[in-house]
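Read the structure below first, then the notes.
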Amino acid sequence: MENLIYLEYAVAGIIRYWLLNSDYKQTIGDRVEISTPLNSWRKVTEGAYLYNEGINPYVGDNFHETPLGLTVFDKMISHIPQWIGIIFIVCDLVTAHVLYHTAQIFMSELVEKDKYAKDTEALLLKQSDLVLPPVYVASAYLFNPYIIFSCVGQTTTVFANLCLAFTFLLMIKGHRLACCSVLALATLQSLYPATLLVPASIYLAQAERTSSLEGRQSLRASSFILTAVTFIAALLLLLYISSELAGGWEFLHATYGFILNVPDLRPNVGLFWYFFTEMFENFRLLFIYAFQINAALLYLVPLTLRLHGEPMLLAASLTALMAVFKSYPSLGDVGFYLALLPMWKHLFNYMQQGFVVGCFFLITSVMGPIVWHLWIYSRSANANFYFGVTLAFATAQIFLVTDILFAYIKREFSLYHGLHREVNGKTTKLVLE
Amino acid sequence: MKAVLNTFACIVLFLHSSFCVTSVPSKDYFDEELLLKPLPSGHIYAYFQFTTVWDVEFEVTSFHHCHLFPRALGEIVGHYNVQELHISLTGGLWRHETWGYPVHDAAPGAELWAWFKESTTSIDKTWKELAGALSGLLCASLNFIDSSNSLSPEFTFRPTGIVSSPAANSSYLRYATLPREIVCTENLTPWKKLLPCDAKKGLSTLLNAGHIHNTNYHSLGLHLRPVCRDVGCSQMSVELRQTVSLVYDMVILGNGNQDWSIKKLFGIGLSGACPLATMSNIYIDTTLNETGAHFQLSPTPPAIITSTRGGYESKFAVYDVKALDIDGMFNIAAFYSSSRVYGVNLPPVLYTNRYIIGYGQERGGIVTKLHNGHWKALDVVYLENIPWFMPLYLHTLKILANGQEIKPLILMDMTLTGQTINSYAYDGMLKELRKHFKPVRPHKNPAEMLLQHDKATHKFEDSGSHHKIWVDGVNPSTLQPQSSTFRSPLVSSRQGCYMQHKVSD
Amino acid sequence: MGVTHSRQLSDLFGLSYSQIILMVADDMACNPRNPRPATVFNNANQHINVYGDDVEVDYRGYEVTVENFVRLLTGRLPPGTPRSKQLLTDEGSNVVVYLTGHGGDGFLKFQDSEEWLLWILLCRYHEMFFMIDTCQAASLYEKFYSPNILAVASSLVGEDSLSHHVDPAIGVYIIDRYTYYALDFLERVEPDSTKTMGEFLAVCPKRVCISTVGVRKDLFRRDPHKVLITDFFGSLRPVELTLSGLNVTALSRTQHQSRRYLSTDSNSMYQKELLKLPAHKPHIIHSDTSSHNADIMALIMHETFSMPLPFDAGIANPLVPC
């Protein structure tokens, strides 16, 4: 199995390398679905250039990386420009590897369960089921066109995904300090991963429970508090370092202010741009609040209440919803959570909308560039066309997430109540009300 | 006794009146000049200059008692603490390559810049209010100017009037352009009202809207500055120059006939000089008479003067309107004896072309070509004002001269101002780009500057309207002569001439 | 075109530009498409240049917005706004508002991205006369409730206002029907005319205007047939000279004419003017050159023949504007 993985890495690396050095690199990197104002490498280069010329890159509207990122990228651009592509490829491979390990640990967790109904043996996971899903996870990450394009386009989403992957790994392993630090780093870059603090806290509390030999059944509150405090401390430290590097706090407006206020309405695969182009100015603040709460907070509490026993699924769902509803999503974000799905391969039988979702993905991925060209270059379409495609894409993703969650619920129900259900002698079907 | 009393009364009255006479307001004088210059390309360049010089200190209290100086403008200038003011409203593009240099260059649209006095506080606020007041004065939408589309260029502008200290502090300078602004009758009307004779007498009667806007290029200008009252410069005066620059296309106007006259150009002859004018002259540039198409002026010019400037010799026929004995309408006509000759114009020392490259609404680039016609290399300071909906990528700046890439040297100063995006898309973030570099080698290949940018036109795409992209003009400047009337610099030869010209796409 | 015609008219009646506020959203005279720059003709044959040599446009281009229009009428302009851009009316002013452009049921189109729904409350006027020449113009005055407003609209709800004729040289329709006939009527009125507003309101019967002209006179306390047209469109009053001082008292409301008295004393000559005012308020106003008796601020607006938005109602053919 290890050989297979390494082979996959090699092939993925070769594909990425080839694309990076081909003529398509600039085309891919320029596409709005791949590059948003937040992760575009062009803007990073521009920011580094301004920084080197002694001009504050945060004044004006062209640069939205954190000062930490600015410093790192500036060093990369000025000292090792020819290696930048390789760095992106290596980061991608590392991310895949981290996800592989995460999946392995997660699958081994799934096997240990108890107290299920008597005829559910068919549903339970066996040892043999543990081998393939991690490979699938790695493959899903390595060979997903969205991720490949995101890497070749040199978007900083590659680094964001790396941080997220490490968060997942450290979360599941139970290393509090490391997990919170990486999570703080991810939050520093794009703010929304802060919601992953909840599943991370749950995991860390579980890890503490299992590591302590007292055998408690409930999770300790102090664990949560400690996790939160660690996270906040790490975040504040990073912000402090950033302000020292930037010489002030005005970078907050250009980074988090930009993410929250959404001033740049360049089209992307998200839902914000169209709404805010069309609405009247005096309603803007209301809708900003509404959309941001939807993106970050709205689903956090209900999902946590339902899925507190399954923090990995909770984390994956939150990641997925973040990728759909955040202010400047890109295909790199979408590809990340798609790569996590094979961890729940056992739920795929219960999914009902797989075909529909698959078709949606395929069609919108093809239609998107077409209507973009019609709109921007041929001038025969308009924003509505592109937004229609984007809306369909978002709908597909939402279908996917709800399908997975529903499949999980159905399987859980079947586990606890048996596979064969009969009411008054007739076979029944599970429906969600 | 009665006679003595009467005499006494007369003497008293006389003294009283003489006191009144001596306590007159400060001396001011008004000159009006018109230059008509046939260009080698067959166009006619007409330039009006109305100069009012008022021997008074540049204080707000001075403007309470105006004589020839327009009070409306004086009150605005005094109230807002303005040291120097330049406004221009232009329609059309000046073709430097074929027409040479105009007397006053102006970018298309509205252009406004002002130097404020050093005692001014909160300059941004004062600037905005000044623009608003001027918009009411000239019926132009200058009130769209505020801090988000104004710049304080450091190198490009220098005060053209007298200053208190040699180092000009550019934080007192504000510059803004509105390239989309039109100029029409409604601007000419209040502009004419600022003249001492309004449009009733003198050369300003020639400014008929229907004729002067029927031109390839028409520009109204207003330039106010403090000048030295005498050679020793112990006292200052206020100088106001109102200018009109026009370029007529004689092929269209002439209907096949290349003869032109004042009546043909302006629709009316001249009935006399403005009585309040000290000087009222018409100059016709007859330099082309020797080299290009020969024309005969009627009536014969009473005087011809020769001017040598920068190595070029020009001949002008001068008509002193005040000295003329005008009966009815005075008209100057030029009759061409030969068939139409299109002269080849030697391009001037520095001229620029600009164009936009790229296609589609996503991204594009701007290329600026600077042509150097001088025999040695020139230093150019380049000022550019880019609107917010064209986010620039400075790292894509590439300057090519003679096929080699040169880096902008010495100083690169980029100021990003403001950031307010409203639904009409002009206010917003602008970038001013200044480079001081030494490129541009003589003739042959122009130096090219390429800058890439994105287009953020989606903000007003969806309202259904079709907006063109208006990019402000660019100011490449090299070194500028100064004097009050057109006549004075006619004989001058100096080593360096600061010259600034405005280009647009 | 209608805008400058009305301005021309007001000019005929002795109104100076300080009393007119002109809002023109599009540049027609100096538009590159105009074969005769700086000119706007009211009629393809008559060749009267209504743009004139002394036109002053106060709000032009993108300054013509709903917000600026409402601020102008309510007087809530930002500080520092020049006087030429302010309405400067008071309780004794008679105001004429002339609106033309594209409109629909209950709205008037401003630029290509805004529309105005007539809900504003106007301050500081004595009597107001609204002339609206758009499609479904009557819908714009239906919601008025302030007193002393007389309104006339070129079409009722559900009807389109039509243009009069086209100038083939330019390729656009020059003038709208209602404006054409209104202009025709006003051009033949002398400053001392005794024609009434009632006659003016009936200036365009259905057979020439094709659309039905609507009138809203219930808010107007006087009978339009007894109101002189010069109350709104002119500012000349009969003047009596006297050398003695006068005791001035308020006139009652029923008096039509107001008197202007000139009185001299040893130091200066000043004018005392009486306005039509509520009976409980005696009012002497020293006039300055800008506020005459019937302070007439003709407020004019024009919209262009631009492409309509998809959601615009009532516009069928962009070349035949409302």
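So that you can tell them apart, the chains are marked A, B and C in the order they are listed, and the count of residues begins at 1 in each.
The working rule: a residue touches a chain if its C-beta (ideal position, glycine included) is under 8 Å from a C-beta of that chain, and two chains touch if they have at least 3 such contacts.
For reference, the UniProt names are A = Phosphatidylinositol glycan anchor biosynthesis class U protein; B = GPI transamidase component PIG-T; C = GPI-anchor transamidase.
On a predicted model such as this, the values are computed, not experimentally measured, just so you know.
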| item | value |
| --- | --- |
| Chain-level touch network, classified as line, ring, star, complete or other | line |
| Chain closest to the middle [Cα centroid of all protein chains] | B |
| Inter-chain centre distance, chain A versus chain C (GPI-anchor transamidase) - centres from mean C-alpha coordinates, in Å | 62 |
| Distance from the mean Cα position of chain C (GPI-anchor transamidase) to that of chain B, given in whole angstrom | 37 |
| Per-residue multi-chain contacts in chain B, two or more chains | 423 |
| Of all residues in chain C (GPI-anchor transamidase), those that touch chain B in their complex | 27, 29-30, 36-39, 49, 51-58, 60-63, 78, 80-85, 111-113, 306-307, 309-310 |
| Touch list for chain B against partner chain A, complex | 359-363, 388, 391-395, 412, 414, 416, 419, 421-423, 429, 431, 454, 456, 458-459, 461-462 |
| Chain B partner contacts - residues on chain A that touch it in the complex | 30, 32, 42, 45-46, 48-50, 53, 55, 59-62, 263-267, 273, 277-278, 281, 375-377, 379, 382-383 |
| Touching residues (chain side chain B, partner chain C (GPI-anchor transamidase)) in the complex | 91, 128-129, 132-133, 135-137, 139-141, 143-144, 180-186, 189-190, 199, 208-210, 212-214, 423-424, 426, 460, 463-465 |
